[in-house]
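By letter and in written order, the chains are A, B, C and D; residue numbering begins at 1 in each of them.
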Amino acid sequence: MYEYARMKFYCDEDRCIDCHGCEVACSDANELPVGIHRRKVITLNEGIEGKEFSVSIACMHCTDAPCFQVCPVECFYIREDGIVLHDKDKCIGCGYCLYACPFGAPQFPRDGAFGIRGVMDKCTMCAGGPAPTFSIKERELYGQNRIAEGKVPMCAAICSTNALIVGDAAHVAAIKRARDAAKGKGAMTPYGWDQAYK
Amino acid sequence: MKKFLLICLNVFLYAGVVPLVEPNQAPSKGGLISPELIEAIPHWHKYGELFLYLQTHWVKLIFLIVLIAVPSVFLIHYLIIGPKIFSHKGRNFLIFPSWQRIIHWIAAAGWILLVPTGFIVIYGAFFGGGPFVRFARYLHVIGAVLFAIVVLPMTIMWLKDMLPRLWDIKWMMILGGYLVKRKQEIPAHKFNAGQKMWYWFAMFGGIIMIITGVMMYFQNFDLSKWHLGLFQIDLLRLAVIIHLTLALILVALFFTHLYMSLFAIKGSLDSMISGCKSEEELKYLHSIFYKEIIKKGEDKELSEKCPPLKED
Amino acid sequence: MSSLKELEKVKVGRRSFLKMAALSTALGATGLNAAPAVREATCDELKDPYPGSKKVKTICTTCSVGCGIIAEVYNGVWVRQEVAQDHPISHGSHCCKGIDSIDTVRTAKRVKHPLKKVNGKWQRISWDQAVNEISEKMLELRKKHGPDAAMFLGSAKMGTEQAYYFRKFAAMWGTNNIDHQARI
Amino acid sequence: MTNHLGDIQNSKAIIIFGANPAVNHPVGFKHILKAKERNNAVLIVVDPRYTKTAAKADLYVRIRPGTDIPFMYGMLHLIFKYGWEDEEYIKNRVFRMDYIKKEAKKWTPEKVADVTGVPTDVLIQVTRAYASNKPGTLLWAMGLTQHSIGSSNTRMAPILQLALGNMGKFGGGCNILRGHDNVQGATDMCCLSHSLPGYYGLSEGSWKYFAHNWGVDFKWLQNRFATPKMMHTKGFTLSKWWQGVLQEEKIYQPTPIKALWVQGNGITSVAQTAKVQQALDKLDLLVVAEPFANEAAVITNKTDNVYILPTTTQFEDEGSVTATNRTAQWRSKVIDPLYESKTDEEIMFTFAKKFGFYDEFVRGMMMGVRNGKAVKVKDTFKWPEDATREIARIIKTIGLTGWTPERLKKHQENWHMFDEVTLKGIGPMKGEYYGLPWPCWTEYHSGSPVLYNIGIPVMEGGMGFRARFGTEYEGENLLAGPFATIKGAKVKGGYPELTKENIEKVLGIKIPAREKAIMGKNWKVDLSGLIAKYALQAGVAPYGNAKARAYVWTFPDKIPMHREPLHTPRYDLAKIYPTYPDKKDQYRVDTKFISIQKKDWAKDFPIILTTGRLVMYSGAGLIERNSKYLAALEPEMFADINPALAYKYGIRDGDMIWIHSPEGAKIKVKARFTYSVSPDRIFLPFHFAGIMEGKNMSKNYPEGLIPYAIGESGNTVANYGYDIVTQIPETKAGLVRIEKA
């Protein structure tokens, strides 16, 4: 029997406290320019009693990723474990992936003088990119390749309340179910999953 | 040339890192990094899915059809009916003063950049992506800037002449006489109905193209005060859909314009360069205009500005 | 009872992430052309981007929770902040300030040399000059006004030993005018 | 923190007063969230503002700032009324709870509702939820302490816990979330004006003990001071040192302050920044030792005699740090000092040499104990291990004897061998708790993760309440009752703290004369360690086992009493619950209380001001504002304001507003609409500096050292008001006036 992994992110709204840890961890680990938010923490209904919640959002690494489908230069590729990556050498920064993405994940760095968009940048689930693993090029263009080191992506590894979890779908779902069960409420589909994974 | 291109490329690719936040300068918190982002997720099915559907199923196909079909139609026309050739022996009249020609050619330069680079971006995968397509995208921006500079003057300078008139219907009914070989008097003033159509699409479509293009270019702009009732990302999606749809129409019309000016009417290119049209051409293709200047007696004045061409 | 089980599961989950992450390494190495099957990566395949780097265990400097940090030091340069997944209080967790610890040494905004303000302008001076001038002035003030003319503000930034020595410093200077953030 | 963070996972109810762990201690908050999932624990948040913590709460109480005591009395009222208190516990372990009971009777839910603004049904719901889910833990932070009645607040909260019998229990206790990484350690070392390290106080005996341990002559040390009396007088504090310069209020030392020496202290984190600025301007000398451009050197208009000394960050030096749960952790050096920066101790050593007391200064590190006396045992020292040893040798009061550098390093190396919830070690670390939470009585003691827990043996961290104030007061027994016997102790019930005199009697043992000769006078100064040794053998803690005092005869209020904030929005209540009379010579300066409160400030300053922290900054924000990623998250100073209030003043979201304080200070900040504050109050973060009262001071920064984010300091408009005991500034309950800029 073959064992297939399906890497997924899951952010538990009941635990996320808007600490921005994942966001800064990502920026620090991958040394992103300021203004590039591979991952964002967003609070909804701020200050409204009983309704406020926060959620951390990044590329969801969708099955059949829309970005993958719309890219005019076909710079995206999906690894066997479901991680959606793209080739920055090919990318032209057209922005189509952003329009297709339900989650606003693709980011475009800007040049200060003309405001021209550079090539797209997005969460790689800390899996680097098509450049040779651990090469300087990979590090500069895509950031760390922690997956190749056998490590957890930075954002989920350091999540202050373990709200953000990453891993194989089965594991993630099990944790989510267990947490929901402990809190005595029915298991809900995690945020964005119905769109990211059909 | 290659070297020059490479330098340009480098300028674009590495034209500076993203600046750090200046002290006390808040980066825009609106739009794509605000709660809107999350709230917009369920709305993806509106325009997001539409864009996905169009881009994956239709865009490449339709543009390919336009790219092949429109020139083919004209090729057939050229082979069967052939170009219209007018004698330049007689008097020539100055139709387009120099400033109008300059404006026209700036716009033309913009379009000449815009259309092919647009195609290159759409078929980026065919070109293998990377620096070449990226450079095409930057040229697209430059073309857009060129066009944006002149679009308003151009609109205004021809607005009066481009207003629709009754005889335009007549023109349309005989399709400008292009489907017959013989010369006949075509009911048209300074601009015929076809040109008018082109004008209206190119100017106002062009303005919409520029607006949608600018939206896509700047992406994260603050529209919260406008109360559009749309998420910014949805606005972007609408922008790209509109941009692509209009592009289709404009490209088809652009090809027509090219064909008309380069092949269908011999010498029409020259007339845009020199600004002069031959008496015969005016008489047949812009009969109403011709009659008007004769009646008003402006013909003398106009022809004085244009020296008659030497007959070969 | 169910909650206890849940906790166990969380822990198991964490571990299996590591396992899982290791699994996908095989893919990372072979890229697109990998076989569809996922197998466990061998030790040789688990590479290290900073071979031979030193992993220093230390404590986050931001708040009093005391989260663990593993600092990866390569050739004397702190190249990367690693996750202290097995720290008993934080279990690798950090808030944004904690994970940004590396930036306190990476930032360009560090004071790089002693500075002195002369006529409203900052001037670079040497340590010797700074020490001599300050101590001269301090001793002069002490002589003129007594030791209580000085106020010492220590801080929670200091380690326990440093804080203790700072208290001793003030005591031997001869004043109780010493305080730090715990006052507020 | 009487318990530790992991222990919160044992709680069934968690009540948080004036703390926002989701923002200030996110990783600590994880344990609270886990408790919610593990135990279905009820999380109750009492806060003037709907914080990120409140967003995760089961019950949220919006309280008027400065009325925590009435709220807790309201809770106690119901607890006593319905008999939810732990009678056995109170009888055996609490002194004079009946006084509290009497006061609580006055605080009916209706009265509490009037004073605190909390509806009666919410109070009842909260009390019921908290009293019926035991063990319950109580958390607090600056929201409870930064009041003119801060010290009473901090007594009130444990009284509530004592009434419910939650103190000294797993999953119970009072858990105070401290601010900075080593604020607990620096406090234990008493970088404070009122005590010597280890809370030994400033009495002659303490000074002599320290002089002996530092290897210096007491007379020499005394002569270092201006007069022998000054040696025993509390010094100026961080909150009001500036009065020592400005002398607007009478000061009690022969000279004004002329020089300020700042080592790592964010100057804008105290109230009255405008006054601080004036004081800085008037100084003769300002020395700032800091890794970043400390705003002390920036907000001042002083043009000369300001020095900035580059100091290392904590990652470039080594030593131990004490977390909020009293555990020591060894902080290893990551890299060598960057640029020309020096470590804090190096700077101290350098200047000690110049000041002429270097030998005396470092002698303590070269000393050891021989026959119960501290003597010099070697000629060199190694920083910081020898300093750690010195501390362990001296500090007995809080039981740091077990904190040897070797043990601490071992714990750091093996931190994976400790359990999260209990902190218990496994494998080679079995029998020790992670970080040896103090008191760690001896070098073989396990550390005490949960204070005052009599349910476990002393060797595993059990103990009673400290018998610090004698055995009886006004004829009433202060020692613990017969049923409060520490598990496994040979001494039944309460017993006094151990001294050389009473040890044999209390423990019922005979000690050889040879050992008695080298034994210190009492357990606090017993360098020989024999008292601790015999105490542990008998299964008791050396400091005795007494009742916790609900009634404190040494404090201005014997039992905690409600007193309105100095600047109260309820002038009518200020007449019923007036604050203290003005205090003379409080930390060398007069402090105003009633003379401020007697004016009705609310007429001109109708809006309540409360301050707090943001998740991306800490303290004065110096480190974080110099980090590009963190500064980008919130680059601008703002004021949280409810739209309903803002529209009254014609303010729209994002408009600039002026905020005026009763003291005449003002700040210009951006208004940010949020419903987290109710329409009667605004919230200000206090992390920003670099702009003073609308004036941009950025030209005062050394070149290239302007932080990525600068802004008005919220503390500029924090009102005058200080605690009667500790002089903590009252930043959490003030009044302001706003207008559109």
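In the analysis below, contacts are C-beta pairs under 8 Å (C-beta built on N, C-alpha and C of every residue); 3 or more make two chains touch, one makes a residue touch a chain.
These numbers come from a predicted model, not from an experiment.
Central chain by Cα centroid: C, whose mean Cα position is closest to the mean of all protein Cα atoms. When every pair of chains is scored by its C-beta contact pairs, the maximum goes to C-D. Between chain C and chain D, the centres computed from C-alpha atoms are 22 Å apart. Averaged Cα coordinates give chain B a centre that lies 59 Å from the centre of chain C. Centroids of chain A and chain D (each the mean of its C-alpha atoms) stand 39 Å apart.
Residues of chain B found to touch two or more other chains are 20-21, 27.
Annotation for chain A: residues 19-21, 23-24, 28, 34-35, 43, 46, 160-162, 179, 182 touch two or more other chains.
Multi-chain contact residues of chain D, defined as those touching 2 or more other chains: 26-27, 30, 37-38, 40, 615-616, 628-630, 632-633, 706-708.
Interface of chain C with chain A (complex): residues 2-3, 5-6, 9-10, 13, 16-18, 20-25, 27-29, 31-32, 34, 36-38, 41, 46-49, 80-81, 83, 85, 91-100, 102-103.
Contact residues of chain A toward chain C in the complex are 2-5, 7, 19-21, 23-25, 28-29, 77, 79-81, 83, 127-128, 130, 133-134, 139, 144-152, 154, 156-162, 165-168, 171-172, 174-175, 178-179, 181-182.
Of all residues in chain A, only 33-37, 40, 42-44, 46, 55, 57, 66, 69-75, 87, 89-96, 98-104, 108-119, 192, 195 touch chain B in the complex they form. For chain C in complex with chain D, the touching residues are 3-4, 6-7, 56-68, 71, 73, 76-78, 84, 86-91, 93-98, 100-101, 103-105, 107-120, 122, 127, 130-135, 137-139, 141, 145-169, 171-184. Residues 12-13, 15-21, 27, 32-35, 37-41, 44, 48, 51-52, 55-56, 121-125, 127-130, 133-134, 136-138, 141, 216-219, 233, 236-237, 240 of chain B are the ones that touch chain A when the two sit in their complex.
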